[in-house]
């Protein structure tokens, strides 16, 4: 069974992240993974462009109801009509996830993944703190190559984890 | 842009429907359509088997959270964790839909498609009546070949309809 | 624990149904039930007006994201932003449901209730047919008084059913 | 129209938070607000107990499909069957939200609220950092009394904001 790697990232990311996202997509496709994302522009489009350039499959879970809103590099576009509700759908669709950059939608995907047991790898994204200090909730990669390695390993472990796929209620 | 054809049908259909579903899947794939379904056994598996045998792409929107519950003929499996909530997701993902057989889940997909303006074609499925008599809400095909023709035509019209993709609120 | 009775019905119903819906709401409230509906106009508003006139509690599960879209007779208004996805939420919130009139949204609620085991009572609504003839899937009431009695009894049985509340996946 | 105040918080919170949550619930009810939460134990139960003790109305949006899983202090219990998908429903149901404590579910609710424009007040909860340093995304209250004041003010502003209720797609 294929690995499905989710990529969370903003439609209007900070400069420099698009190149990283494109490399990430290419490496994930080279490893044989299906790339799942929100299907929009920005980080989502760049990661899909990278994956398709390496012959990969990309899935976009769109927030709206019109498939034409998807970016041009989607193999499969699913217009969910769920708004930010598609963020949980992305998490549930992923064997592991990379969070790229600092949007609030991305933060929600990090949190939902941590809450439901889906492994997360960070790339230039949020870090979390409580009063007691920083909380080391997920590994952080220094660049896209490293993020691809970490997330593929995490997804392989997740796929063979007998407790994965547990209802999150 | 590819046509996406939804196929609604039960996991334990009446005898004879599996052969019809497999032919339907093959014809849809030959027409270049992506086949979207609930990803389970029965009609869903048969239509995917047919589509894959013709080189097509199949998408399964699973009710649970475990991708391994999908049938073996899915190109892409999306575990939604939404239970019967994935029925609306199937409708929203479809440019037109074929309803096969007489399950209540299938009936819900017919109703949601009619409610949100997605064209429906029936194949050995429900007919609807009010006090005033039968309601002719969607065309009914006599066999799988005919259902494939009707639904592809309906999806083409839907794709070029400027009002499609309207929010259903 | 209170009984929760769902009422499915159109925003633009056939003439005469509003009076029936108002009587239905009053009788449900007199029986101590919480009335759950889609929160909109038409049948939904009439059933809420009836329930509030008898001191009852009404809950509206709105399709959009703005609470101000709810009708004026809601005790609690929940803007779901789920469009027709709120129809399943209505079913899940109900110990039993009355379907009033002939809209397609109402038909989807009937089908989702039958699919997930929530008892349905019909009032001037759809009847279902397969090739083999009519399918007697739920009881039909002749008027609002009778619908109220039937649905309250069904909800009481459902509440004491040890298998209710099973996941529908 | 009533103010609806969401309260996000864990079922197994850090010691001391339950007392704070109960005070928060009481103050919100005294201000006339409807309290919306996930309907479970822990922070959710404590805030409901406080609100009910002051005669308030409480709404629980349960992750599962069984109403009996709700805590005993709910005026209205809605079993959504959406798992962590109910977190977005909580955000959409709130004119403003208090986040109490440090769970990942709570973090997702903070993120979804920030993403969709619903005001957030923190109480002994997460703080957010990017590489460039701490991000001051929402006000933090020192105690429950202060959180109640801040969130009521924020909800009043939100209710009169002509741009609220915008689709988040």
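First chain written, first letter: the chains are A, B, C and D, and each begins at residue 1.
Definition applied: a contact is a pair of C-beta atoms (placed from the backbone, for glycine too) under 8 Å apart; a residue touches a chain by one contact, two chains touch by 3 or more.
Only a predicted model underlies this, so the values are computations on that prediction, with no experimental measurement involved.
Shared contacts of subunit A and subunit B, meaning chains that touch the two of them, come down to C, D. When the C-beta pairs in contact are tallied for B-D and for A-D, the bigger tally goes to A-D. Where subunit C touches subunit D, over half of the residue numbers in use are shared by the two copies, so each contributes mostly the same positions. Chain geometry summary: the mean Cα position of subunit B and that of subunit D are 39 Å apart. Taking the mean of the C-alpha atoms as each chain's centre, subunit A and subunit D sit 27 Å apart. Within subunit B, residues 64-65, 81-83, 85, 88, 167-168 each touch two or more of the remaining chains. On the side of subunit B, the complex with subunit A involves touching residues 1, 4, 34, 57, 59, 61, 64-68, 75-76, 78-82, 88-89, 92-93, 95, 164-168.
Looking at the complex, you find that subunit B touches subunit C at residues 63-64, 83-85, 87-88, 102-105, 107-108, 110-112, 114-116, 124-131, 134-135, 137, 167-169.
The residues of subunit C lying in touch with subunit A in their complex are 65, 81-83, 85, 167.
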